[in-house]
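In what comes next, chain A is part of two complexes: it sits with chain B in the first one and with chain C in the second one.
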Partner chain A sequence: MSALPTDLIGLEPAIGRSPVRRAAGRLLADRWAMLGLAIVLLFFVIALGVWAGLWGGNWMASAGQRWEGPSTRHWLGTTILGQDILERVLFSTRTAFEIGLIVALASSMLGALFGALSGYFAGTLIDSAVLWLTGVLDAIPFYLFVAALAFALKGNPWAMHIAMVATFWTTTARLVRGEVIKLKELEFVEAARAIGLHPLTIIHRHILPNTFHILLVQATIVFVAAIKSEVILSFLGLGVQDGVSWGLMIAESTTEVTAGHYMNFVAASSFLFVLVMGFNLFADGLQDALDPKRSGR
Partner chain B sequence: MTSALLEVEDLSIEFATEAGPLRAVEQVSFRLEAGRTLGLVGESGCGKSVTSLALMGLLPGNGRIVTGRILFEGTDLATLDQAALRRLRGRRLSMIFQEPMTALNPVYRAGDQIVEVLRRHEGLSRRAALDRAIEMLARVGIAAPEQRMVDFPHQMSGGMRQRIMIAMALVCRPRLLIADEPTTALDVTTQAQVLAEISQLAAELDTAVLLITHDLGVVAETCDEVMVMYAGQVVEQAPVGALFAQPRHRYTEGLLASIPRIRKQPLERLPVIPGTVPELSAMPTGCRFAARCPQAQADCRARTPELRMLGRSRSACFHPAGEE
Partner chain C sequence: MDLLTYTLRKLIGGIPLILGVTLISFVLMVHFGPDKTYELLSKNPTAEEIAQVRSQLGYDQPFWVRYGNYLGQLASFDFGYSDSTGERVASILSRTVPISLALLAPGFVLGNLLGIVLGLVAAWHRGRWIDKAIMGFAVVGMSISFLVVIIAFQIVFGVWLGWFPVRGWNVHDFSSYLHYVTVPTLASVFVALGYNTRFFRAVLVEEMGRDHVRTARAYGAGPVTILYRNVLRNALIPIITRIMFSIPLVVISGSLLIESYFGIPGVGKATFDAITSGDQPILKSVVGLTAVLFVLILIVNDILYRAVDPRVSLK
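Showing the complex of A and B:
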C-alpha cells in the first residue's frame, strides 16, 4: 500500500489531517482497543524475544523430571518428557505469530489483487473467473482441503500455510470486490479516467487506497482465524510439522488431563485465549476507528 | 467554412440492455469553434450526458457508438483506441463533473491530484508540477493556494472542490472542456462565481466549452450558442440571443415559458409542459415531442422533422413558433 497520502515536500499542513491520522486519533481514544493493542504488543515482544534467542530456545530439551509441578526452576512445570512448559508456551507464541502474519499478509495481498480486478472489471470474463475460483475454494470443506494438501505436499511444513491462505483470501477478495464496485461508480474514478489514466493505474492509485480500511480490518480477522485454525489443525495432526505450537501442546495434553496433569493444557489455552481476546478487542476498535460513517473523533 | 475544433456528425449511441438495444442518442450533429461556448440543454435522460461521455470515449461498457463521426482537431475520436484516447483525455480535451463532493479522491491531498495530471501528460518533475498546480489554483480563484494544496477534500467546501476539479481539468490547457452540470450541486452564489471562473479561464486559455445543463439561466449567462436536446435528438440549435428572443421549436418554447420570473401579470400557476418524455424502448414515429405538443398535427405524428434553418436557428419542427 505504497499509495497512501504522500506529503508534499516543504508544504506542511497547518490544519491538514489525513484520513489515516484521524482514524488513529479515534483509535487512541478507545480504551478497550488500546488494552487489546497492549496485549498484542506484549505477545509480539515475546515472539520477538524468541526470534532473538532471548527465551524459548530450550523448548525441546528434557530439563527436568516428568510432570513436575510449577516451581522456581520450571515456572509452569514440565511435560511427560520433562520439557519446560514455559519454554514451550513461549516458543509457541513465535509459531503463532509466524503463522498469523504470513497468512494474514498473503491472503490480504491475494484478496486485494483479485478483489480489485474482479470488482473493477465486474461482469467481464476476469470477474467470472475470480468468482468461479472463490466459489470453488469456498465449497471445499476446510479440514478436508488441508488434509488433502498436507497429503499432496508430503509433510511439507508449508502445507498448512498454503491451505489457510487458499481458503482465507476469498473472503477478503469478496469484500474488496464489493467495495470496488461501489467505488468505481464514484466520480473521482470517472475523473481519473477523464484525465487519461490507465485502468490499472486507476485501480492501483485511486481505488485500492480507498479499500485500505477493509484490508486492515480483514487482515486482523484473518490473523486471529489463522492462529485458531493452527491450534485445531495441529491438534488433529495436520498442522505444525517442525517446532511446537499451542495446538500441539493441547494435543499432547489430551491424555494427561485425564491423569490429572493440567499444566500443559492450561498454559497453552490461556496464552491462546488472551492473545485472541486481545486481538479481537483491537480489531473491533480498529473497525470502529476506520468506519468513515463515524464523524468527529 | 473553416474547420471547427469539434465536429460531431450523425452521432447515434446505443445501449445493450436485456430488453434489446436502446438508442439513447439519435443522429446528433453539431459544430463547436475553438474558444466558443456551446450550451447543451435538455431534461434528464435526453442524451446530453451520454453525448458528452461519448466525446470523451467514456461510455459505459454496454454503450457503443453505432454511427457517426466525432471529429476533434481533424481526428475521428470514434475510431481511436483506448490508449490513444487516454493520451488525449486530460490534455487536449477534459471534463468536469456534477458532483464535487465525490469527484476528488478522499485519500489524496488536493495538490497531489492536480500534480498527477501534469506528471501524466507533461512529464514534469514533481517540483515543477507543484509550482504549476499552485499557479493554477490561484487562477481558479482560490485564496492561499499553497495552503489548499495540502488540504484533503473533506476539509473543503463544495465550491472549493469544484474549483480544484476545474484546475485539474484546465491545468494542461485543453482545447475543449466538457462541463457536465458543473454547478448543479452548488448553492446559487457559488454557482455564479464558479461559472464566471470557468468562462474567464476558458477565454484566457482559448478553450472551447461544452456546457451541459438543464438550467437555461446558466446558458443565458455563459454560452455563445445553445443546443436543445429532446429524447435523444437535437431539436433546436441557435445563438443564445436568437434562442431566447424567438424560440423556434415548440419544446424550447415550452421550456422558456416554464421558467419562473417576475411577470407584469402574476400567473395563477406556472405553465408546464404536460406529459412525460417517451420511453427509449417505445419511441413514437414522427416527431418525438408530438404527444406533448399543443401545436401537433397529423403530419407531426407521421413523419420525422429534419433540422432546417429558420432565421438564425436550426430547428426540427414542422410548425415552428414565430411563423404564425
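Showing the complex of A and C:
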C-alpha cells in the first residue's frame, strides 16, 4: 500500500512537465550553454555596476601618463591620452548591453508584429506588403544601408540603433511568419475564430505567445549581431557618438598598435570576444533546447 | 524558349523590388544626405550662382521628377558625372569594380570550399571528437569581430613578419597581385569560415540522416560514393542558395570594410567615400545596380535549382 504514493510522485514529473519545463531541463543539462549563460551574466553584472556607478565612471579622465604598462594603479595600462584602459573597457560593457538590448528588443517586437500580421493574413494585401518590405530591406547591402542611414541621421545618437533595427527585424519577421502560417491551421485558433474573436485578439492572445521560442532565440542572435556591428560602425565613424565603446577603443588602438602598444587593442577585443562567445554558446544551447523536433526528457 | 519567357517574367516580377530599393535609398539621399551646393561654389556667391549650381545638381526639381530621372538613368545604365570629381560614374565603376572582384573572389571561393569540406568532415564524423573540435573552432571563429581579425592579421603578417604590405593596391602582375591579396583573403576566409562550416554541416547532417543514405551505407558503398552521389547532390539546393545570396552582400558590404581598412581603391571604398561626401550619382548607381544584381541572382538561383533538381519546374 505504501509503495503506491511514492510511485505516483515518481511518475508525476514525467507526465505533468510542460514543454517549457522540459526545455529548461535540457538547457540546464547543457554544460556549454550554462558556461555561455554564466559569461553573459558576469558581463551583465559588470554593466549593472557601471549603471550603479560602482566602476567604470572614470573612463574619460587622464589618470596617468601615456601608454603606461599594466600596474597596480592601472591594471590594464593606459591609452595614448593616459586614460585607464580597464575603466574604459568596463564602461564599454555597459554601452554594448545598451545597444544589444535595445536593438534586440525593438527588432523582436517589430519582427513579431509584422511577421504575425503577414502570416495570419497570408495571401492577402497585408502579406504582400510585408513581404515586399522585407524583400526590399534584404536587397540593400547591410553596411551600405546602415552607413547611409547613420550618415543621414548624423548627430542623432540613435542613428545606429535605428539602422540596425531596420535591417535586423526582417529575419525575425520571416521566421515568425512561417510559424504563424502553421499555427493558424491548428484547432485552438480555429476555435478562437469560431467563437468570433477579433483577428488581432487571436494574434495577440493565442498566436504570438506560441512564437515565443522563435523570438527568444532570434533575440539572442540579434544581440550578438548588434554588438558586432557596433564595433565595425564605430570604427567607420558611424557608431557610438558619445561615451566609449569597444569599437571606438579598437578604432583608436589602430594608431597605437603600429607603435607597438597593444593593451588597448587586446583589452577591447578580448572583452568583445568573450561576451560574443558566451552569447553564441547560450544561443546554440537555447536553440537545441527549444527545438520541438527533439523528443525525450 | 521556355527559359527565356521565364526569365523575362521574373525580371518583370522583380520590378517592385527594384522600385522599393531605389525609392528608400533615394529618400535617404535626398532628404538626409549632405547638400553639396556650397562645396561647389566660390566664396561670396551671388544668388544666380547658387541657383545655377542647384539646378546643375538637380536640387531645384521636385522630388518625383528627380526620382523619375533616377529610374531613367538606371534603365539606361548612364548615371552621369560624379558630383565630387566630375568623372563619369561609368568610368569610376569600371575602374573600381574589377579591383573589388579581384580582391574578394579568392576569399569568397576559398571560404565556401573550405566551409563545405570542413562541414562534410564534421557531418561524417557526427558526435565524435573531430566534429566537436571543428564545431568548437567554428564558434570561436564566429565570435571574433571582422575588424579584430583584420587588425591582428595586419600586425602579424605586415608588421611582425613583414611578409606582405599592410596598405594599398599596387598591382601590375600576378606576383604583385598575390602580394597584395593574401592578407585580405586570409582575413575574409577566417571570418567567413565559422559561419559557413556551421551552415554546411547542418545541411549535410540532415541529408546524411535520410533513409536512402542509410540504405546505401548498408549496401557497403564507400564514403566518397555516398558523399558525392547521395549526399552532396541532394544538399546542393540550400548550398547554392546560400552562396548565391551572399554574393551581393560580399561585393558591397565585405569590400566596404576591407577596402576602407586596407586603403584599396575598390567599389566599396568609392561607395563609402560617396556616402560621407554626399556624392549622389555614385550612390544612386551602386544602390540601383545592387538591386538589379539581387533580382538577377534570384533568377539565376531558380534556374540553377532546375539544373540541379529536375523535379523543380520553372513556373
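As a working rule, the second predicted complex is superposed on the first by the 281 of 297 C-alpha atoms of A that agree within 3 Å, B and C clash if a C-alpha of one lies under 4 Å from a C-alpha of the other, contacts with A are read in each partner's own complex, and residues count from 1 in each chain.
Everything below uses one rule, namely that a residue touches a chain if its C-beta (ideal position, glycine included) is under 8 Å from a C-beta of that chain, and two chains touch if they have at least 3 such contacts.
Every value quoted in this text rests on a predicted model; they were computed, and no experiment measured them.
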item: Contacts of A:Lys184 with chain B and chain C, given as first, second, both or neither; value: neither
item: Partner chain in contact with A:Gly135 - chain B first, chain C second, else both or neither; value: second
item: Touching partner for A:Ser269 - first (chain B), second (chain C), both, neither; value: second
item: First, second, both or neither for A:Ser18, with chain B first and chain C second; value: first
item: Partner chain in contact with A:Val231 - chain B first, chain C second, else both or neither; value: second
item: First, second, both or neither for A:Tyr143, with chain B first and chain C second; value: second
item: Touching partner for A:His206 - first (chain B), second (chain C), both, neither; value: first
item: Chain B and chain C contact sites that coincide on chain A, given as residue numbers; value: none
item: Residue ranges of chain A touching chain C (in the complex, touch as defined); value: 132-133, 135-137, 139-145, 147-149, 151-153, 228, 231-232, 235-236, 247, 250, 253-254, 257-258, 262, 265, 269, 272-273, 276-277, 280-281, 284
item: Of all residues in chain C, those that touch chain A in their complex; value: 16-17, 20-21, 24-25, 28-29, 31-33, 139-140, 142-148, 151-152, 155, 159, 248-249, 251-253, 256-257, 260, 271-272, 275-276, 283, 286-287, 290-291, 294-295
item: Partner chain B, residues of chain A touching it in the complex; value: 4-9, 11-19, 123-124, 186-188, 190-198, 205-206, 209-210, 212
item: Contact footprint of chain A on chain B as seen in their complex; value: 56, 58, 61, 85-91, 94-95, 97-99, 102-109, 111-112, 116-117, 120-121, 126-127, 130, 146-147, 149-152, 154-155, 165, 168-169
